[in-house]
Each structure stands twice: as structure tokens, then as C-alpha cells.
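All chains are identified by letter, namely A, B, C and D, in their written order; residue positions are counted from 1 within each chain.
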Amino acid sequence: MTKHMLLAATALTLTLGAAQAETLRWARSGDALTLDPHAQNEGPTLALMHQMMEPLVLRNPAGELEAALATDWSVSPDNPDVWTFTLREGVKFHDGADFTAEDVVFSINRALTENSDMKGIISSVASVEATGDHEVQITTKGPNPLLPAALPNILMIDKDWAEANDTVDVQDVEGGEETFASQNVNGTGPYQLVSREADVKTEMTVFDGYWGADGFAMGYSDIVYTPIQNPSTRMAALFSGEVDFIQDVPVQDLQRIESDPNLKIVSSPQNRVIFFGLNVGDTLVNGEGENPLADPAVREAMNMAINRDAIQQVVMRGQSIPAGVIMPPFVNGWNEELNTVPEGGVEAAKAKLEEAGWGDGFTVQLDCPNDRYINDEAICQAAVGMMAQIGVTVNLNAQPKAQHFPLVNGLESDFYMLGWGVPSYDSEYIFNFLYHTKEDLYGTWNGTRYSNPELDEMIKAIAAEVDLDKRDAMIAEMWEMAKSDTVYLPIHHQVLNWAMKSGVGAAVDADDQVKVKYFTAE
Amino acid sequence: MSDPVLSVRDLVVEIPTRRGVLRPVDGVSYDIAAGEILGVVGESGAGKSMTGNAVIGLLDRPARITSGEILLTGQPIHRLQGEALRRLRGRRMGMIFQDPLTSLNPLLTVGDQLTETILEHLDVSPAEARERAVAALDEVGIPAARQRIGSYPHEFSGGMRQRVVIALALCAEPELVIADEPTTALDVSVQAQIVALLKRLCRERGVAVMLVTHDMGVIAEAADRVAVMYAGRLAELGPVRDVVTAARHPYTAGLMASTPDASRGQRRLRQIPGAMPRLDALPVGCAFHPRCDRAEPRCRQTPGPTLSACDGRAACWFPLGQPKEVLA
Amino acid sequence: MLAYIIRRVAQSILVLLVTGFVAFSMFSFVGDPVENMLGQERTQADVDRLREQLGLDQPFVVQYGKFLQQAAQGNFGLSYRQGRPVSDILAERLPATLELAAVSGLLALMGGIGFGIFTAIRRRGVGANVIMTLSLVGVSLPTFLIGILLIYVFSVELGWLPSFGRGDVVEIGGWTTGFLTASGLKALVLPAITLGLYQMTLIMRLVRTEMLEVLRMDYIRFARARGLRERAINFRHALKNTLVPVITITGLQLGSIIAFAIITETVFQWPGVGLLFINAIQFVDIPVMAAYLMMISVMFVGINLIVDLLYFAIDPRLRIDGKAGGH
Amino acid sequence: MSDHQAEIETRRTPGRLARAWDSDLAYSFRHAPVAMVSAAVVLILVLSALLAPWIAPYDPFDPGSLNLMNGFTPPGQPNAFTQETFVLGTDDQGRDVFSTILFGMRISLFVGFSAVLLAMVIGVVLGLLAGYLGGWVESVIMRVADIQLTFPAILVAMLIFGIAKGITPPAYRDQMAIWVLILAIGLSDWVQFARVVRGATLVEKSRDYVQAARLVGRRPFSIMIRHILPNVLNPVLVIATISLALAIIAEATLSFLGVGAPPTKPSLGTLIRIGQGFMFSGEWWILLFPALTLLALALSINLLGDWLRDALNPRLR
């Protein structure tokens, strides 16, 4: 009987027309951690929130900045520290309240509070003020030509709603109280929350008052979002037709999806580069005696030993782009020349090692996550083999990310895997976190002990450089410097694959951020 | 005279094993009349319990009856199986086991066990079955039977439990009761009471009783006739008084001499030398000859005679109290 | 009897404290929760501040003490991962696990006892031997593989049953149940089989062994000699005596069912406490891990106690002596 | 004793080997085709695991010998790039599946045997102590056994794994994993052994000769052990066999939860965990062959255990 009803319902939908009453059943490996847009700077959380909330400036699937809640923005001609944003008019929150400058001021300040996880992205913001009902001014600590690029993940919430529901503060871990905003949503986004069971299911339906109802594809009227952790189960759900669209597709299953006439794959290079970091300090963490990795020639030899093409073809099944630099391709500062991979292979690498006085090889431990990047463990395993071929014995220590990252950050690893995405699409972000000497605010992800005062100075200089041409030149010079020191061994750029029923029209987004409003349904 | 209650004719029980076929019961014949107690005596492994089990059809795999017949009031029952055999058990043949501690289901009250047996075999209402159960307990001498009917087996003493077992065996009024070592597991003081009880019930109800035991004292006390078994065969069969006072088979004589009660006299107790041979290593000739001080060459070469071939009393080529040449 | 229960409860509390202590000493090794709680752009100051807020800078003995103090008041803290009270999360997730455990436990018990009796009674039959051998296949492959194989066959290839989740659930007074909807019942099938198969094999073997032992008992021979029907002998006499050890082990196995649910729930994305626990481990969500282990311990200790009490109910011999059951 | 008897006696004392072959157990074995097939399978598998370094065409544990380009070669077909052929194909790292299975089985069996041995030693010792000493020692041991029994093995194993991993220096973790697995599985499995041994000890303790030894002031412990150990040999053997199969499966299950043997030195369980990722992708051999090997191994051991249980139980013969 159910089946008949279902058929009848489908027939009804078809007669009513395409855009109506289509449900997108969407699955990926993990659930959003919270519904509070400022509590967690984490992929799945932001991906879910982007259906229901919006930033001032959005990054569209093509990777370009697009006007969202702000229609226009510009830096003041007099003062490079002051930006003016003109807000979209006639925008409503899901509860019917109007979106105004007050809400922007409130949201950005909320995102800057100590308990907010987003404050790092907009740490350059000094203050925000409303200069009209639909205009705000943001003042930065020194000139920041890239401010708009920092805003796509800063989502706007309603000030009155937050105050009325006592949820002005972003979660309070110490106090042990659950916040209203972590369970409820009042945004301006295209979809509004219907129901949510954390880790189980989140249902959303189209928001009638959405300002962009006519401007976007809006192929789906409803979304059912389900996390499915086990990759085989997730694939089974797609193959059996229980879901329409999945993220986190295992690379080995792409072929079967492509050969299935009802399914398809949409892919794009991802904003994430995978690489190994090396301890360039004087002593090894795990091992005795002189640190061979302190010698740039040894690092160069190891770099040559990595057969990126083999990793790409076998481990990644073609779903990666071999990398010669730890920078995703669309980031400002990128050029094809930087991305060249050292030639020579095993023989040259061996010779180089011999030359450096390490011809008999040495032993080092490779720390690797096994639940973070695409095939992370398999890549590390392959690297163990490649290093063995030049006489370097590598002990693999693969473990969950929760145990891996503390090693990296605590300078407790000699050889580790790391992946890096650049939300700002600018090289500065990479230098700040990965190349600067490890300090309180800079080099926080630099687990290599690499310290180059000259580079450090330039890093601070580009932050304030308003002349973009001059800045780009400086960035190019910095990359030359960084690359010649071979602190990191780049592996590849990840390629994103989304799998879906052939009727789903989705453009894949380099940040792996789904925005269903751009989806078409057939 | 009408048919005896139980009539066993040339019964052979065999157990096929990898060392060949064993015969724990080999050509046994005897009758038991109503109201009569036949004692079956012998060392362990002589085949006495196996005979009892064969009669009631409870031989354990792979033992089986291969020839001979068993007649219950003239009807052959040795070929019966399954349902037909089950109907006979309890209803026409009862059995009493050695150990009252283990023969009662510990998780059911004695009343439950009695009534289920009565209801199984007699066409009575549950209420009446219960009355009969009380009566059965009363009859075997359980004091305050009506109160104790709801008790569990562990709440009775050993002797009382054996009384319950007897009540269970008799509650559906069978014609034949096989009592397999009913007193062996009991204290000496209780043994006599149980024997007396069996004897009384046998007389009162006219039940035929096959009393299997290794205790000559019990035989002397209770049985009317006695069958002595050795290595699967009947060695001697006759009225208790005759066998006890004037054994014809050397084995019986040895058995008497080694039993304090039966010997009565002041003579020293004597032992029979050696042990009963294992069934898989029976000697050629008479099975008893290695232990027999009267053994002649013939005994070593020719298997012992069957009872019927002799005088129906002792299966021996050279019975005691007979001239040696009688059967020669 | 009362004294016995009191003694057992006291012992149980001790067990809980020890379990908690062991668990806490483990937490410092599963990783650093702070890494997961802060985004890529965090500074060292953020890390230190959060560690201090969470009390992670203190020795684990102190953390444990604090946990106990709060737990005694029914407060298990906030989940690091979801920012919600742990007690709420557990309450939300427990019905899924309990329903799954109940169905698979029932399946294991009924199948195990049924097949166990069958294989014991027809010990030498072909059917019994086939069942015995086939049942071993179920314990000769790891559970996760069986689950995935079932999904492959019944969801992907045949499309009969769902591959993940609980289907539609109905909420009744804070308890969500999948028993009342067709999709909820369908969703139960594969996980319940996966989870119950292993236990069913164990119970079946146990019942068979015990039953064979019991069938050799004198009282069974005696029951036979009294001409009782096979059915009465097998079920009324033998089975009841078989049940005593079976109940003990089965009761204890209930604990295993809930523990093995961790794997089944992961494979089938079953939204129960097992999946929650796995997520908590990955995220180093200490409050959730601690509360889960505590809850499981309470459950196991409770089951242990109930099993002991069941002894008294089944075996009249124990009622008289009033001694501690069955040990 | 007559001549005959003597003759019988002499006839019945053949050599030790002949006696073993002639024993009831061997007889039962020769008449149980399932047991014979299982024993043959177990023997072949154990032997090939033991001889892996000599039988296996490749050494999958030597990372330097691997060529990643050999990855995903189907069984019996030449690799598209390297033209090399492998009987059972290769896995995602270009390892020969056949060799990896042999070496993996070595690890699975090593973990299984050692864990059971550990459980057996702990169980027998604690069982003896509990039965012999009685009193509070017995209460404590049996109480701990109860707790252990309620606490599911996989949780115990995860706890131990977590702690052991934490206190092991990272450099040794690679090798430690296997020892930790043994410890974890062994510690969760001793209770059955302890119960059986305790039971036998209690029976033996009440025997007259032990009481007598006590009366004359001798320490009956060593006498007892000599009597107890032969008595519990049969049940302990049965439990050990079944436990061996369970331990091997437990190792596989734990590897799914990420606490198994490391991927560079995989056990059968780790191979299956890795292989299940290729369930839908067409590289069926990466999952199928290790899974079949594990199934054959565990099933045969289980069947042997089943047969042993019935054959060694005198009351069931």
C-alpha cells in the first residue's frame, strides 16, 4: 500500500512541476556538532549551517566571492583600515524579523567573543558599527586587503532572537549549560529547520520568505541530512537508493558509481593540500644522535624519493593532483612553476643521501592520522615503502586524529602528515600558520621547528601591505625561500568527489561546502 | 496356570564396539509370576542391570536386543518401539532406580511428578490424580502425605525419597516392577525398611518384582527365587532357600561364602580369587573357569552349558553336589 | 536474602568506582579533546584557556573526583562534541540501543534455545549436525563483516531492507520507538540479526551441552521408565533443568550484546549509545565516554544481580538454604 | 592370577604410540570425518603460517620490496603497469595477497595462541588458588571473575589497549600493538579456565588422600596439583580450542575498532578491515581471500573444538 501511495505522490509531483516538493536526501560521514554558527569552525557544522544561515559575503561553488547579505563592500579611500558594507534590504529571518545592521554588529561581535571558534578567522577586525539601518562599518587592526575573503563563514543571527532566548554567549563549556542556539536556528538562509536529532537526522524545508527565492536554482523544497559514518554503509545507502547525494566518497568506489546509469560523480580540486612535515631541529624526538633531517640535502633526497605519480594512480586512483608546493592551486601566490616536483627518483635520491653522508640510511618514525584525510593511512604506508627504497627505515605510527594532532602541535614528531586548506584563498594564511617560527599567535601549526627570521619578517610585512602588486611580488619571493628549504614534503592536492543520483544537479565546491540553493533537481 | 507376568526367553543383548561385538546379556531365560519377587544377583558388569533395562526397553545406544524374546503376560514386547513401548512403561511395568537422590527431578514437586505420571496413564481427572498421588505417598509410608505432596525432592531424606520413587513406580498400578539396586545407595538402617516395603507392596498388590542387586543379604531377605548372573549368563536359578543353602554352581557357592549374612555359619569369609573378566576379553570355554577351583580341561575348551541344557538350576559342567559325570 | 542483596549492591558500587577509575586513567591516552574543539586558526593561548576551563590541566585523579562528585548529583556534564548535557544525549540514544538489544537478545534466546533443544534431542541427526556446523559460520567471521555482507545482499543487491538508521520512529513520553512503524521494524531486521547471531550460536551450544548432560540424568531415565511422553520429558523435565545455567550465561551475555552493539551500530549507523561511544572516542569526548562506561557498568552489575535473583526463582533448592546463588 | 589373565594383561600393553592411536579419542577421531577434515585444514593453515617466510613468494612486511605500482592487480592477471602476475592478486599497497595472508595468519595465530595461553595460565593459577585456599582469597578471585564475565571482552580489550598505548613510547607502538592485543584478549578470557580448575580443585581437596596428607601435617598442595591437572586437562583443552577461535575473531573485531594489528604488519583481521573498503569497488580479492582464510581457520578450529568436547565427555559417548 505504501508503495502505491508513494507512486501516487510521485505522479502528483511530476504534474505540479519540477521545483516543488522535491526532497534531497543527503549523507556524509559526520554530523554538524552544533547549530550555533559561531561555536565550531568545522566543515560539516558550517556546511549544514550554510543551508539555514548566511554570511555577508558568500563564496559560490565557483570559488568566487558573491554578494549575500551585503550587496556591496568597499574599503574607505581615506583609511585602509575602514570597510563599509551595504546590506541587502527586505531580508527576513525565519521568524519573520527584519535583517538590519544591528544584527550584523551583534553577529560579528558574537563571533569575536572568547568562546567563539570563529574569532581566529576575523582576528583582524577591531570593531564593527552600524552606520545606518542597512550599512555597517568594519574597522581592522591595520590594513587588511583580504577582509571580505575572511567573511564567508561568519554567519548572521538575529540579535533580538538571541537576546530573547538568552543565547547571546557562544557556548559555555565551563558552566555546563546547553545554549539555546546550539539546538535552534533563526537565520536568513534558504531553508529552515524542521527537526533535528543530533547524529541521526536533520530535516529542513524551504523558507518561504527567502530573499533569493527567484535568484537561485532552488531545486529542492526539503532536505533530509543524515550522517553515515561507515564508508561501506554510506555507499550501500547510495547504491540502494536510500539517499540521493553523498559527500566523502571513497575513491575506490568512484568507478562503480560512474558505471551505474542512475548515479553520477561531480568532482573538483579541493582546497586542501596533503604533505609531510619534517623536524629540522638539532635532535630527533624519537631516536638518538644527530638529526639527519636537519640537513636540507637529506630532506631534498626524501622529497625526491616520494613517487607522487604512483600515489596518485594507485592509492588515490587518479583522484589527486601531485603537488610540488603546499598550496592549493587557486590560492593567491600560486604558479605552475612552484608546483614542479623534484626529478630524479630513487637513484638520484640515493645519490643525494650518499652525498650528504647518510648513505647507510637512518631510522625515523612517521606519525600519521588514520581518520582525517582521504586514504591518509594508505598514503603513509606507501611512503614507508618509498623511503625504504632509499635506505631510510620508517616506523609508521598511524592513529586517530585526536592523538595525532597533539603530537604535531606539541613538537613531538619528527616526521608527520598534515593537510591544509586555505579558507582565505591567500598565501599569507599558509605562511602565518605553517612557516613562521612557532609563537603564540604565529606558526601555531608549524611542527617542524623551522625558524627563518627573514621569512618571519616578510610574513608580518605582507599582512600590512596594501599595494597588491607589491604584495604579490613579496609572496613570490617568500615561496622561493620556503621551497628551497624543503621543510615540508608536498604530496598532492585532494580532489573532491560528490556522488549523487543522476537527477541531482550539483556543482562541487572546493571547500566541500554544500549549498543546496544552487542545486537543481530533475 | 496362566502365563507368568514376565517371561524372558534366551535374551541376548549385544553392544557393537570397535573391539568386536560384546554380549553383556547372553542367552538369559527366566519367568516371574504375579506376587513373586525374583532376585537377580551378580557382580557389577554381570549383566543384571542390562537385563532389567532390556525388559523395560531402556537400553542405551548402541546396546540392543539381538535375539530371544520378552513376554509380558504372554505378549511379546521386545520388538515394541516408541509410542507402543511408552504406553507400557509406567502403566504395566514400573522401574525403581538405585539412587533416590538423582532419580527425582529437583525442580518439580513430588506431587507434580506423581500426578503427571498418573494422568499420563490413567483416565482420571486432575483432582482425582492428586487424590491418588496422596494415596500413593501414604501407601509407601510417607507421613502427612497430603501436606508433603507440594514438597520438592530435596526436602525429603534419602529413605523417604526412595519411598517416593517407589510410589512413582507403582502409582499407575503396573503388573511388573523392576527394582534396580533399590537399596544400594541407602543407609543400612533404611535398607531393611525399603526391602520390607517392597515385599509388602508385592504381596498386597500381586505385583511381579524383579529385584536387581549385588547384595545377597537383600536377596535372602526379600526374594522368592534367585537368579545368579556371571559375565552375561545365568549361572544359577532356583528358589532362594535352595540356592542359599545348597548352591550348585561353584560361582554361587563362592558368592555365598563371601557374603557374611548369607553364610551365617562361623566359617571365615572366603574370597573368590581373581575378578570377573571384561566382556571384551572373555576366556575360551566356561567364563568362570579361570577362577574355578573345580575347573577341568572341558571347562577350558567348551563354553559352559546353558541352564536349560542342564537341570534348569546351575549352568555348570560339574555342578556341586552332583556326580561329576552327570552331564558328561 | 535481604542481607545478600545489600552485600551485592555494596559490591556493585565498588565495581562502579573501580571501573570509573580505570576508565579515567584511560582517557588521558585517547587523545586531546582540545584539538577537536578548536578550529584551525586557534592560538596556543586558546588551547591553554580551554584546557583550563575543562579542568584538563589537572591530574586525572582530581578529574575523576570532580566527575564522581557531579555524577552523584546526576550531572554528567556537557558533551565536548555537542555542547549538550550528557544525560540528555544518553536518554535520547538509549531507546535505540535497548530496542535493538532487546530484539536481538530475544532472537538469540529463542533461536538459541530452540535450536539447542533440537540439536540435543536429535544429536545424531543430519539436521542437527547441519545446524551445528552452520551456526559456527556465524562465530567464525567478525561481526562487522557479517553486517556489511548482510547490507550488501539485502540492501544493495536485493533492495529489501534499509542499510542504515532506525527508519521512522514514534515518540512516546520521551522514549522513541521503532516498533510502531513499518520502516522502523524493517530497519531493525539486519542489525538485530547481525547482533543476535553470535549470541544465538553461543546460547544454542550452551543449551545443547546442558541438555545433553541433563538427558543423561537418572531422573530423565526415570521419567522415561514411567512412560512419560517425549515432549513432556524434553520440555517439562529436561529443559527446565537446563535453564538454570543457561539463564546465568545468557544474562551475562546481555552485557555482551550491549557491548557488541558498538560494532553493529557503527556498521548500520544505528543511532544508539554504542555509536555515540565510538563518536565520543574519536572526538575524545570525555564526559560522554565516562558516562557511557558508568551506565554500562551499572547495567551489567544490575544484570548480574537480576540473574542471581532469577536463580532463586527457578531453583527451589536455593530458596531453602538461602545461600548465595549458583557459585 | 591364572595364566589367561596374565596373557590378557601382556596383550594389552602395546607401545605408547600404538596406544595413543588405539585410544578412544583417536578412535572417535578416525570415525568423525568432519573432525578429520577440520584437523587437516587447521594443520595446513598452521603449517603454512609457520613456514610463511619460506613458502610465501614475497615478504609483505618489508616495505622496501613493495612496488606501489603493483597495487590492485587482479588474481592471476598481469598488472597493467608492471606486467607482474600474482596468484591471488595484490592489495592497495601492491602487496601480494597470498603472501600477506600467510604472514597475516602468522600474526593472527600468534595472537590467538598467546592470548589463550595467557588466559590459561592466569585461569589455572587463580582457579587453583581459589579452590585450594578458599576463604577470602576465593571470594575475591571469584568476585573478580564475575565482574570480568559481565564486562564484555571487547570493552576490556579497548580499555587495556587505550592504557597500554598511552604508556608505551611511540617508537615501540608498532611492535607493542600485538603484545597489547594478546594481553587484552588474554585478560578478558581467563574466567572459564579458572572456574573449571576451581571446581576440580574443590573436588580433589575433599578426597581422602588429601585429607590424610593434611592430618599427618604434610603440605598436600603438590600432591593435589599432580591429581588435579590430569583431571582438568580435558575440559581445559576443550575451552582452549574454542577460545583460540574466539581470540582470533576477537582480534579481527578489535581491528575494526582501530585497535588491531598495524596496517604495515597486518593480521587477518586487519586485512579484512582494509578489504571491506573494497566491497563495492570490484577489487573483491582483497576482501574475499583473507575472509575465506579466516573463516576456514576459525571454522575448523571451532569444529575441532566441538568434536573434542563431545569426544572427551565420557558421558556423551
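By our rule, a contact is a pair of C-beta atoms (placed from the backbone, for glycine too) under 8 Å apart; a residue touches a chain by one contact, two chains touch by 3 or more.
For clarity, every value in this text was computed on a predicted model and none was experimentally measured.
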{"item": "Centroid-based (C-alpha) most distant chain relative to chain A", "value": "B"}
{"item": "Maximum inter-chain contact count - chain pair", "value": "A-C"}
{"item": "Between chain D and chain B, distance of the C-alpha-averaged centres to the nearest whole Å", "value": "50"}
{"item": "Inter-chain centre distance, chain A versus chain B - centres from mean C-alpha coordinates, in Å", "value": "90"}
{"item": "Computed distance of Cα centres, chain C from chain B, in Å", "value": "54"}
{"item": "Centre-to-centre distance between chain C and chain A (centres being mean Cα positions), rounded to whole Å", "value": "38"}
{"item": "Two or more partner chains touched - positions in chain C", "value": "30, 148, 152, 156, 266, 278"}
{"item": "Residue list for chain A, restricted to those that touch at least two other chains", "value": "232, 236, 239, 371, 400"}
{"item": "Sites on chain A touched by chain D in the complex", "value": "231-232, 235-236, 239, 250, 252-253, 255-256, 286-287, 307, 310-311, 313-315, 365, 367, 370-371, 377-378, 381-382, 384-389, 394-400, 407, 412"}
{"item": "Chain D residues within the chain C interface of the complex", "value": "34, 142-143, 146-147, 149-155, 159, 162-163, 165-167, 245-246, 249, 252-253, 256-257, 269, 272-273, 276, 279-280, 291, 294-295, 297-299, 302-303, 306, 309, 315-316"}
{"item": "Residues of chain C touching chain D in the complex", "value": "11, 15, 19, 22-23, 25-26, 28-30, 129, 132-133, 136-137, 139-145, 148, 152, 156, 205, 209, 212-213, 216, 252, 255-256, 258-260, 262-263, 266, 278, 293, 296-297, 300-301, 303-304, 327"}
{"item": "Complex interface listing, chain C residues touching chain B", "value": "217-219, 221-230, 232, 236-237, 240-241, 314-317, 320"}
{"item": "Touching residues on chain A, where the partner in the complex is chain C", "value": "2, 33-34, 36, 39-42, 114, 117-121, 123, 171, 173-174, 176-179, 182-183, 197-201, 226-230, 232-234, 236-237, 239-242, 371, 400-403, 405-406, 409, 421, 433, 440-441, 444-445"}
